[in-house]
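The structures considered in this document are given below.
Two complexes are shown next, each including subunit A; its partner changes from subunit B in the first to subunit C in the second.
Moving on, here comes the complex of A and B:
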C-alpha cells in the first residue's frame, strides 16, 4: 500500500486546513484588538453551518449548483458576523466596562460557547425542515456540485473552501491597507490609546473587528459543514482546540500569521496524521506486529504537539520569528542588518 | 421535594463539587492560575477506580482464589466466547460481562476479605494521588512559562484531548466510548462514597482556610497580583505555582475517585468540560474568588439551584412551548451560561468578596518581642 494519501483525501485536507485557517484568523483578529481569547469561536462558526443547512433545505434541495457555496459564504458570514457583533456589544463590552479581568471575559466566552452549542442543537431539534425531515445531524454531503477528473470524483467544497480563503484574505488585506477605516484598525491594534487620541473611534473598531471575525468564522463554518459527518453543533467542542492551536502557532496577535498557522495545523492534523498512520501501518504493524490501532482517531494530538513545539522553540509564534535571520542562516539571502 | 436535597446521590455530588471548587479556588482565585482543564484532573480519580482499579482488583482475585476465578471465567465464556480475565477487565468488549465481573465476582470477593479491601482502597488512593501529581506536573510545566490566556487555552486543549480523544477513543485504557464499571467498596458503596467525599470536602476546606491565612497564602496572592514584585521580595514564583497546582490536582483527583464510587458505569465523557470545568468556575465566581467559604457557598447555591431547575424542567419547557425531551435536557446548560454572564455583570466580586487574610495581631507581636527581650 502506498504511503501517500489519495487525491480526493488531499483536497479534503486542504479544504479543512483552509477553514481552520479562516477561523484562526478571526480568532487572532479579535484577540489582537480586544485582547480576549474567544472560546466561542468554533460554536459561533456553527451559525454559518446552520445557515447553510437551512439554505439547502429551502432553496438548494433539488439543484445545488456552484451558487450554493457563494450563498453559504455570504449569508452564513453575515449571520455569524451579526452574532459576533452582538456578542461584543451586549456581553463583552459591558463586562469589560464593569472592570472584569481577562479571566472573567474568558469565562464569559466559555459561557457563550455553551449557550450557542445548546441553543443551536435545540433549534435544529425543534425546527422542521421543508425537505430535510430531521435537521439535527443531517448530512449535507450530497448537496453540492462535483467534478469528475480522471478516475476521481472531486467534491465541490474542496475547491470552494481554498478559493474562499484566498478571496476573503485578499479582500481583508485590501480593506486593511487601502481604506481609511482599515488603517484606523491597524493603528488601534498597534496602540489603542494613541489611536483614540488621534480621533479614531476605538469602540467602533472593536465592534467591526468582532463582526469581521464572525464573518470569517461563519464563511468557514458554512463550507466546513461539508467536511463534518452531519451538521451537529457539538462538533464545535473539538474544533475549537484546533482553532486555538492554529492561532497560537501563528502567534495569537497577528492576523495573517493566524491564517497561516491555522492552515498548517489543519494540514498537520489531516495530511500529517495520515502519513504517520500509513507509515505506522506499513512498518510497525505489518513488519513488527505492533498493535493495530488507527492513529487517525488521535489526529487532534497533532495540533497539540505543534503548539507545544511552537511554545518551546518560538513562544511568540510564527509571527515572532525573525524570518530574515532564518533566511540568512539558510544561505538564501546575504548581508542585511545584524550578524 | 425535601427528599432529594438530602438524598445520598445529591450529597455525594455536592461534596465532590465543593472539593473541586475549593481546589480550583486555590489555583484561580488565590494564585491566578486560570485552570480551564479542571475536568481532566477530576477524571484521573475516576480512571484510578475504573481502568486501573478493576484491573488491579481482578489481578488480586486471580492470585488469591485461582480456582474460583477459573470457574467464574468458564461461566463468563458462555456469554463472551474466548474471554480471558485480561479481556474482561481491560478493553470492555462487552459492558454486560464487565458489569458481571465487577459486581458479581470482584465486589463480593473484596467484601468478604476486609483486609484485602482496605489494602485495595489505600492502593487506589495512592494511584489517584500519583496520577494527579503526574498530570499536575504537566500542567505546572506550562503554568510556569505562559501568560494566563495562553495557559487557559493550553490547559483546555490538553484536557479536552485527554478526556474526549485519548480516553474516549482508546478502548483499552478506560473502556472508550462504552465505558467501564468502577470498582466499588464495602457492602454499602454509597455510604462509602458519602463518607469519603464528605470527609474530603471538610478536610479540603480546613486545609484551604489554613493555607489562605498562612504566609504561603499571602505569597500566593502576591504572585497573583504582581508576580514581579513577589519575586523581588524573595518569593520563588515557580515553587509557589508548582505547589498550588500539585495540591489542587490531588484534591480534584480524590474528589473524582469518591464521585465515581456512586456513578459506577461511566465513560470519560462524564467528565466533560461543561460539568467539571465550567460549573466549578461558575461556583467560585458566584461565591467569590479567593474566598474558601465563597467556594462552598457557591457550590451549594449552584447545585441546589440546578436541581430545582431540573425538578421544574418539564413545567418550564411546557411554558416555553418546547416539544422534545432533548430540548428540555439542554435548557439547564443554556440557563447556567446566561446566569454566569449575569453574575459577572451584576456581582463581579461574588456573594462573599475576598477578605484580607488573617494575620497575627500587632499587639501580640509586640508582646512576644517583649517576652524575648525579657
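Moving on, here comes the complex of A and C:
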C-alpha cells in the first residue's frame, strides 16, 4: 500500500488548511490591533456555519448549485462579522475602558466561547422541524455540488475553500495597501499613539478589525462545515486549538503570516498525520504486528508539536525569521552577511 | 496691540502618575522664535515638551496656545490647533512606505489638498522623491527625522516641538536637520521649541532658552547669554569654559 493519501483526501486536507488559515489570519488581525487573544474565534465562526445551514434549508434545498459557496461566504461572513463587531463593542471595549488587562479580556473571550457554543447548540437542538424544517439534523453533506473526475468524486468545497482563501487574502491585501482606511489600519497596528495624533479614529480602526476578523471567520466557518461533515458548534472547542497554533506559528501579530501559519498547521494535522499513520500502518502494524491503532485520532499532536518547535527555535514565529539570511544560507540568494 | 505669546506656561507642575517631575515651570515662547530647552540628563526636558503636547499628567498650572488655555485638552486636539510634536523615536511608521507616511500625515485633509501639500513638501525635502516606495525602516536615522519633519509640515502647524532630533546622528545629518529648522522659521514663519542634548549646537541657533535642573527653571533668558555663561555651562551643560 502507498503511504501517500488519495487525491480526494489531499483536496479535503487543503480545504481544511485554507479554512484554518483564514481563521488564524483573523485571530492575528484582532491581536495585532487590540491585543486580545480571542479564544472565541472558532465559536464565532460557527455563526457562519449556521448561516449556511439556514441558507441551504431555505433556498438551496430546492435549488442546489455552486452559488451556495458564494452565498455562504458572503452571508456567513457578514453575519459573523456583525457578531464579532458586537463582541468588541459590547464586551471587550467596555472591559478595556475599565482598565482590564489582557488576561481579563482573554478570560472574557473564554466565557463568550462557551456561551456561543451553548447558544448555537441549543438553537440547533430546537431547530429540527422548527428552524430548519427540511434538513435532517444539521447535516449538509448531501447538498454539496461535486465534480466527477475519472474515478474520483471531487467535492465542491475542496475547490471553493482554497479559492475563497486566495480571493479574500487578495481583497484584504488590496484593502490594507490601496485604501486610506487600510493604510490607517496598518499605521494604527504599528503605532496607535502617532496614528491618533494624526487624526485617525483608532477606536473605529479597532471596530473594523473585529468586523473583518469575524468576516474571515464566518466565511471560513460556513465552508468548513463541509469538511466537518455537518454543523456542530462544539467542534469549535477543538478547532480553536488549531487556529491558535496557526497564529502562533505565523508569529501572532502578523496578519499574512497568520494565514500561512494556519495553512501549514492545518495541512500538518491532516496530511502530515495521514502520512505518519500510513507509515505506521505499513511498517509497524503489518510487518511487526504492532497494535493496530489509528494515529488519525491524534492529529492535534501535529499542530501542538509545531507550536513547541516554533517556540523553541523561532519564538517570534515565521514572521520573525530573517528569510533573506535563510535564503543566503541555502545559496538561493547572493549578498552580504546579513544581520 | 502686542501679539499673545505662541506658548505661555505658568507655574506648571506635572509628571507621570505620582512621579512629580516638573516644579513650578513658567516660560513664554514668542511667535517665530527658536526656543531652546536644555539641561542635564534627567532634568525633565523631554517631560516638559510632552507636557506642552498633553502627554503627561498636569497637577497644577496652565499651558496656553496663542492665549487659549489648552491645559486639559487631549493631544490630537492640540495637533488640530497647530502644534506638532516630534518625539525622538516612533515619529514615523517604520513599516509603511515613505509615500504612505506622507499620506498618513495628512489623514484629515481632502485628497486634492493632500496631494498639493505632498508636492510642496517634496520640493523642500527632495531626497524623499527617490524614496517614496521604500519602507521608512530602510531610511537612516537622519532621513527618518527629516521624514518626520516633512510629515509635520504637511499639517502646516504653527509650532514645531522637537525632542532631541540630532541624538545619535552624524554631524552632517545633524546639520541638515538644524538647517531645515532655520528654514522653517525664516521661510515659513514657524515657531520652534527645541529640546537638545547638544547644548552648544542648540544655543547657537536659538533666540531664547531655559535651563532646567531637577525639574526647575535654573535660567531663563537669551540663548546667547546662556551659552556665554561659563559657570552654568560648565556645571550643567558640559560646556568647556
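FYI, the second predicted complex is superposed on the first by the 326 of 339 C-alpha atoms of A that agree within 3 Å, B and C clash if a C-alpha of one lies under 4 Å from a C-alpha of the other, contacts with A are read in each partner's own complex, and residues count from 1 in each chain.
Here is the rule we go by: a contact is a pair of C-beta atoms (placed from the backbone, for glycine too) under 8 Å apart; a residue touches a chain by one contact, two chains touch by 3 or more.
These numbers were taken from a predicted model, which means no experiment stands behind them.
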item	value
More subunit A residues in contact [subunit B versus subunit C]	B
First, second, both or neither for A:99, with subunit B first and subunit C second	first
Touching partner for A:184 - first (subunit B), second (subunit C), both, neither	second
Which superposed partner A:319 touches (first subunit B, second subunit C, both, neither)	neither
Touching partner for A:194 - first (subunit B), second (subunit C), both, neither	second
Touching residues on subunit C, where the partner in the complex is subunit A	75-76, 79-80, 85, 90-91, 93-96, 100, 103-105, 107-108, 151, 155
Contact footprint of subunit B on subunit A as seen in their complex	35, 37, 39, 91, 94-95, 98-100, 102-104, 106-108, 110-112, 114-115, 118-119, 121-122, 125-126, 237-238, 241, 244-245, 248, 252, 293, 297-298, 300-301, 303-304, 307, 311, 315
Contacting residues of subunit B [partner subunit A, same complex]	28, 32, 34, 36, 142, 145-146, 148-150, 152-154, 156-158, 160-161, 164-166, 169-170, 273-274, 278, 281-282, 285, 322-324, 326-327, 330-331, 333-334, 336-338, 340-341, 344-345, 348
Subunit C contact footprint on subunit A (complex, rising order)	180, 183-184, 186-187, 190-191, 193-200
